[in-house]
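Each of the next two complexes has chain A plus one more chain, namely chain B in the first and chain C in the second.
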Partner chain A sequence: MLGLGKKDLSLLILVAVLTMLAPFLLNPFPTDSGLAQFNAGYPDLMQRFVIFGIFAIGFNILFGLTGYLSFGHAAFLGVGSYAAVWMFKLLSMNVVPAIILSVIIAGVFALAIGYISLRRSGIYFSILTLAFAQMSFALAYSVLTPITNGETGLQIALDDPRILGVSQTEDGSIPVTHFFGIEMRATEVLRLGGWEFQFSAGYYLCALVMLVAFYLAIRIFRSPFGMMLRAVKSNQQRLYYTGLNARPYTLAAFVISGMYAGLAGGLLASMDPLAGAERMQWTASGEVVLMTILGGAGTLIGPVLGAGFIKYFENIFSKLNDNVLHGWFAFLPDGLEDFVVTIVHPFVGKGWHLTLGLMFMAVVIFLPGGLVEGGQRIARLFRRRKASDEHRAAQETPAE
Partner chain B sequence: MTNRFVTRRGVLKTSAIAGAGLALPTYLRAQESGFTNAPTGDTVTLGFNVPQTGPYADEGADELRAFELAVEHLNGGGDGGMLQTFSEKNLDGTGILGKKVEFVTGDTQTKSDAARASARSMIEKDGAVMISGGSSSGVAVAVQGLCQEAGVIFMAGLTHSNDTTGKDKKANGFRHFFNAYMSAAAMAPVLESLYGTDRKAYHLTADYTWGWTQQESIQAATEAMGWETVQNVLTPLAQTDFSSYIAPVLQSGADVLVLNHYGGNMVNSLTNAVQFGLREAQANGKDFQIVVPLYSELMARGAGENIKGIPGSQNWDWKIENELGSRYVGTNAFVKSFGEKYGFPPSQAAQTCYAQTLLYADAVSRANSFNPCAVAEALEDFEFDGLGNGPTSYRGSDHQCFKDVVVVRGKENPENEFDLVEIVEVTPTEQVTYEPDHPMFSGGSLGSCNPGA
Partner chain C sequence: MDAIILQTLNGLDKGSAYALIALGLTLIFGTLGVVNFAHGALFMIGAFCAVTLQRILGASFTTIDETRTDFLGNPMQVETPYVHAWFGPETGASIIEWSVPLAILFSIPVMLLIGLVMERGLIKHFYKRPHADQILVTFGLAIVLQEIIKYFYGANPIPTPAPDALTGSYDFGLLLGMDPNVIIYPYWRLVYFAFAALVIGGVFAFLQFTTFGMVVRAGMADRETVGLLGINIDKRFTIMFGLAAAVAGLAGVMYAPINSPNYHMGMDFLVLSFVVVVVGGMGSLPGAVLAGFLLGILESFASMTQVINLIPGINQIIIYVVAIIVLLARPRGLMGRRGVMEE
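Here is the complex of A and B:
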């Protein structure tokens, strides 16, 4: 079905089920319990999970397949965001034209940068992309202030023209982003006992876009084009010696992956119509590299897992402050409580980067294939145990 | 084609959820109360969104201390601080409307993007009914816009740009802090008496909304008294070394350097300027001077020796009641409880955040509702006293507070490490008041108050 093999189809269905049920899965703790702190099922974070999932899937098409490590991918995300916000300012608050334009602009941008950067490979390519991204950041931050509004960030205002929409609503406020009338920030809340589940229109739009993006990525991975990209990764010299020019293939991969980043940027702006220059900074580019490697470069589901993992840390662990810690360890005697809090303190709140760094090191050292390899190892463990009972179980291993 | 498929899926999904929702005894948040995050239990959650990293981290840390202190006082802890002197007596230490006040904190990183993400998670996850904080006007403007969309009240903390209550003003946003125009209006007479009317100014300006409006205001005010503006150079907010910007100043023919910088930026640029010998320099036959329009104790502490004699303006100073009498009542009560808790006097950022929290709590009590529209109505054209700034009013037409502005300068011989600035003059409210449609503030509109879902 859908031109996918059985294994890929079941992976796609698994991802679809997970994203559709995310509001339930990410809110396992009742709202008034102490563990509610770890709930991630609120619209903002769920949207970030899938949007950065798209970003990482796109990055993985370039890095996972061709082995070209781009260190400037955030530039495309930023360009996509700016394009989308400009559409909101000039055309209408409908997210569709904004997202389309952000993909196109990011694609054109990627074509220009890719055309130059792909003349080199390896570390030189990484440095070139990094340089371009930093140039874009500097332009957005100061030189192009009339277009990007610099440090303040590009925002929509009451007096924007919006030729196909309205400049302001009847009650004099700024209209909100919508998908043919469905407001992106519309959220339905379902309360079941102590649990509270939030269903956001914006999240479901992002999730559906991600499923399409994921499906396309599977098709690319399994296509002859994907095979060529893998060939580039395994030995580019040999490709050239057989008389094949690899550049068009890598350039196509670069542009596709730039368009994915633009799509992510456009969605980010659709969920919250603001674009800041720091989206293009090198740290943002580094983040997507981390996501991909953490999840498992070259695998289908890995980047999505990595994106979710990092965003979870960024949003949940960074919110744990000393007050919360004292609450947790209140059962300990006073001196010991303070001691434990002092020990834990550097790893939460502002120090979430430290925890993430340690996790990243652990993953890279013990699971070079990323979280996906961890999953595979666990699966293999089960399979071995089951295999002694029945051999049939071997077919049920999760894909990738 | 694909899109239609997507929509149908979405519609099916939503209707399935709606069906399941109807079958069970559930409630939609909106139908219950009519506004976002109505507090249901016996607690109410406030969100304090301050920079914990970046150039304004010092201010952010002090704001957070003030918020914690305010919450403690609202809940009846400590000595009550400014609750004792506040002209309204609705707050009795039982929280707000009998609900205990709880708070969540977030890091804005001094970036609009991160600040909005942090504020969104406070509203969506923690159920915050009011967001406060700031410390960068770019962030404040961004978060204020978000609060307007989400339907919660934004009580701006330290934000000094004209735009916050000018072209970017919002019906759900309120600012207690003064602004760039007021700084300029208060400083101009002082600058005239200190340095005369024949001066040439060179501006270094932080490249974002606050810097732009600060520079514009100071330039207009100083040019009105005869100064000339030689050049205005914009510097990135994330800059930490300003040597390359300072070097050309002496050759430019200017004899005054105006540093439209704040926080870590100002500490670094002032230090660079002093290292380059600008303070001893002569230009056009006069002593070279440096002016820092927006001042704070925290910056003075960071800049150390270099700050001596340099004039600037402040929203409030912790010594003001001692030096200028009981018009500024509340100051000493606040300084006492802050000092007892943290061991040093509060900065102006702390005072404005503390005052904003109290003002919000009081407005909720008077409105007898947490509904943002009711709170906004209670705050509009509200006149109060006893929060350390003297008689103050919240103007309804732009949600800006009007009060006296303090002009200060770095003290030559500080008695201790907290006594770094001396008050030169207090400019009365009338002198810094402007019309809501003043050109520097025009172009925006409050819109109408949004109670959210």
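Here is the complex of A and C:
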């Protein structure tokens, strides 16, 4: 079905089910319980999960398949955001044209940067993309202020033309983004006992877009084109010797992954119509690298996992403070409790980046395949134990 | 004319910092073949060595002075730094004042140690991994170091003043026979430049005129052969890593009075320093130094008002533009050897 193998199809269905049921799955604790702070089922965070999932899927098409490590991918995300907000300002508050334009603009931008950057490989490629991204960032902050609105960031205003829509609503406020009339911020709340589940229209739009993006990524991974990209990664020299030019393939991969980033940027702007230059800074590019590596570069599900993981902990870990910690370790004797809290304190709250950095280092050192490889290793461990049991059973039978 | 001299001088201090960091990066890349994204963090730790020493020297104890009272009528509490008590108030005050130059002595062993631990504990395991892995793990390390500093020193910049004797400015115009107050240049920046020149000269002399340096240079040219001659080249390269860390640290220590240290200053410098290394040529020490000064001066020229009026925004992007042009036109950089990381 859909041109996918059995395994891929079940993966896609699994991801689809998980994203559709996310408002339930991410809210396992009743709202008034002490564990409610671990709930991630609120629209803002869930949107971030899937949007950064798209960003990471796109980055993985470039890095995971071709091995080209781009350190400037956030530039495309930023460009996409700007394009989308301009669409909201000029055309209408419908998200569809905004998202389409952001993908196209990011694609063009990626074509230009990729055409130049891909003349080099290895570390030079990383530095070229980094240089381009920093350049875009610096320009967005300074000279391009008429387009980007500099430090303040680009926002929609009451006096924007919006040819196909209205400049302002009847009561004189700024209109909100919508998908053919469905407002993006519309949220249905379902209360079941102590639980509260939120279903946001914006989240479901993002989730559907992500499923499409994920599906396309699977198709790319399994296509002859994806095979070529893998060949670039494993041995570019050999590719040249067989008479193939790798450049068009890598450029195509670069543009595709740039368009994914633009799509993510457009969705970010659709959920919250503003765009700032800091989205293009190289720390933002570093973040998507972290997500992809942490989840597992070159795997299908890895980047999505990594994006969800980082965004979850960014939101939840950074909220933990000493009071919460004292609550947790209250069962310990007093002195020990204070000691444990002191030990844990630097790693949570504002120090959560420290945990992230350590985790990232550990993954690069011990698990180059990321969380996916970790999962596979555990699975293999169990399977081997089971297999060896069966093996022993098989050996014993003839002896009887 | 005066504007040109002024901009050249202005470019020198930033250029010195670029040159020092790029020198360390190149030392590491040339010897161990490792791309160190944590080098900016080492620069930052150097700057915080200055902060730390300032705090240590400023450590004080509280005594109660019965003869005076504070505004509530209680006996006055007087804070006396230990150094005042030990060396007398005047010597003590000047010791605290000179804490940044003193931090040079303090930082060298600290940075050497950090460098050695980093190499033995982490980088060693990444020699044979792809460059992408090296970039990633050192990038992670940079985040960790940065966050540790942030945890202990907070997120705000910490002012670390230079000694009073060196805080004034020098009127260069008078020296060159121009009108006074045309070219005013702070003393500390001159000191920084002189210091950078000294360190760079020291590193080159060390490599050029000592047996150790000779072996290291031989190892950079052909590691395997040197190893086959029965020389433990790994050990020497480890020491070079420590040295590179110390150079970055020294650059940071002396930079503290120019820019109050904050935890992300390293990252800001790192990106530019990488560009500098690439422009100079991967693995070429003179190239790194040359490109550092060149780009520093170029940057300050680009921030002249006349230039900005001509090409708006050029001051923000000039370094990247130069890097892109160099990478595309001459990938081995200004002084890179043919065939080193050229593809």
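By our rule, the second predicted complex is superposed on the first by the 366 of 400 C-alpha atoms of A that agree within 3 Å, B and C clash if a C-alpha of one lies under 4 Å from a C-alpha of the other, contacts with A are read in each partner's own complex, and residues count from 1 in each chain.
Note that in this section contacts are C-beta pairs under 8 Å (C-beta built on N, C-alpha and C of every residue); 3 or more make two chains touch, one makes a residue touch a chain.
Just so it is clear, the model here is predicted, and its values are computed rather than measured.
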item: Touching partner for A:L18 - first (chain B), second (chain C), both, neither; value: neither
item: Which superposed partner A:L239 touches (first chain B, second chain C, both, neither); value: neither
item: Chain B versus chain C as contact partner of A:L332, first or second or both or neither; value: neither
item: First, second, both or neither for A:Y141, with chain B first and chain C second; value: both
item: Chain B versus chain C as contact partner of A:F360, first or second or both or neither; value: second
item: Touch count on chain A, higher of chain B and chain C; value: B
item: Touching partner for A:V344 - first (chain B), second (chain C), both, neither; value: neither
item: Chain B versus chain C as contact partner of A:G153, first or second or both or neither; value: first
item: Footprint overlap on chain A, where chain B in one structure and chain C in the other make contact; value: 141-142, 350
item: Touching residues (chain side chain C, partner chain A) in the complex; value: 35, 122, 125, 130-133, 135-137, 139-144, 146-148, 150-151, 267, 271, 274-275, 278, 282, 312-313, 316-317, 320-321, 323-324, 327-328, 331, 341, 343
item: Sites on chain A touched by chain B in the complex; value: 20, 32, 39, 42-45, 48, 96, 141-142, 145, 150-153, 155, 157-159, 168, 171-174, 176, 179-180, 182, 185, 187-192, 198-199, 201, 204-205, 208-209, 212, 272, 274, 276, 278-279, 315, 318-319, 321, 350
item: Chain B residues touching chain A - in the complex, by the definition given at the top; value: 2-3, 6-7, 9-10, 13-14, 17-18, 20-21, 24, 26-29, 41, 52-53, 104-107, 111-114, 116-117, 120-121, 124-125, 137-138, 141-142, 145-146, 148-150, 167-168, 171, 206-209, 234, 236-237, 443-448, 450, 453
item: Contact set on chain A toward chain C in their complex; value: 67, 69, 116, 119-124, 126-128, 130-132, 134-135, 138-139, 141-144, 282-283, 286, 289, 293, 346, 350-351, 353-354, 356-358, 360-361, 364-365, 368
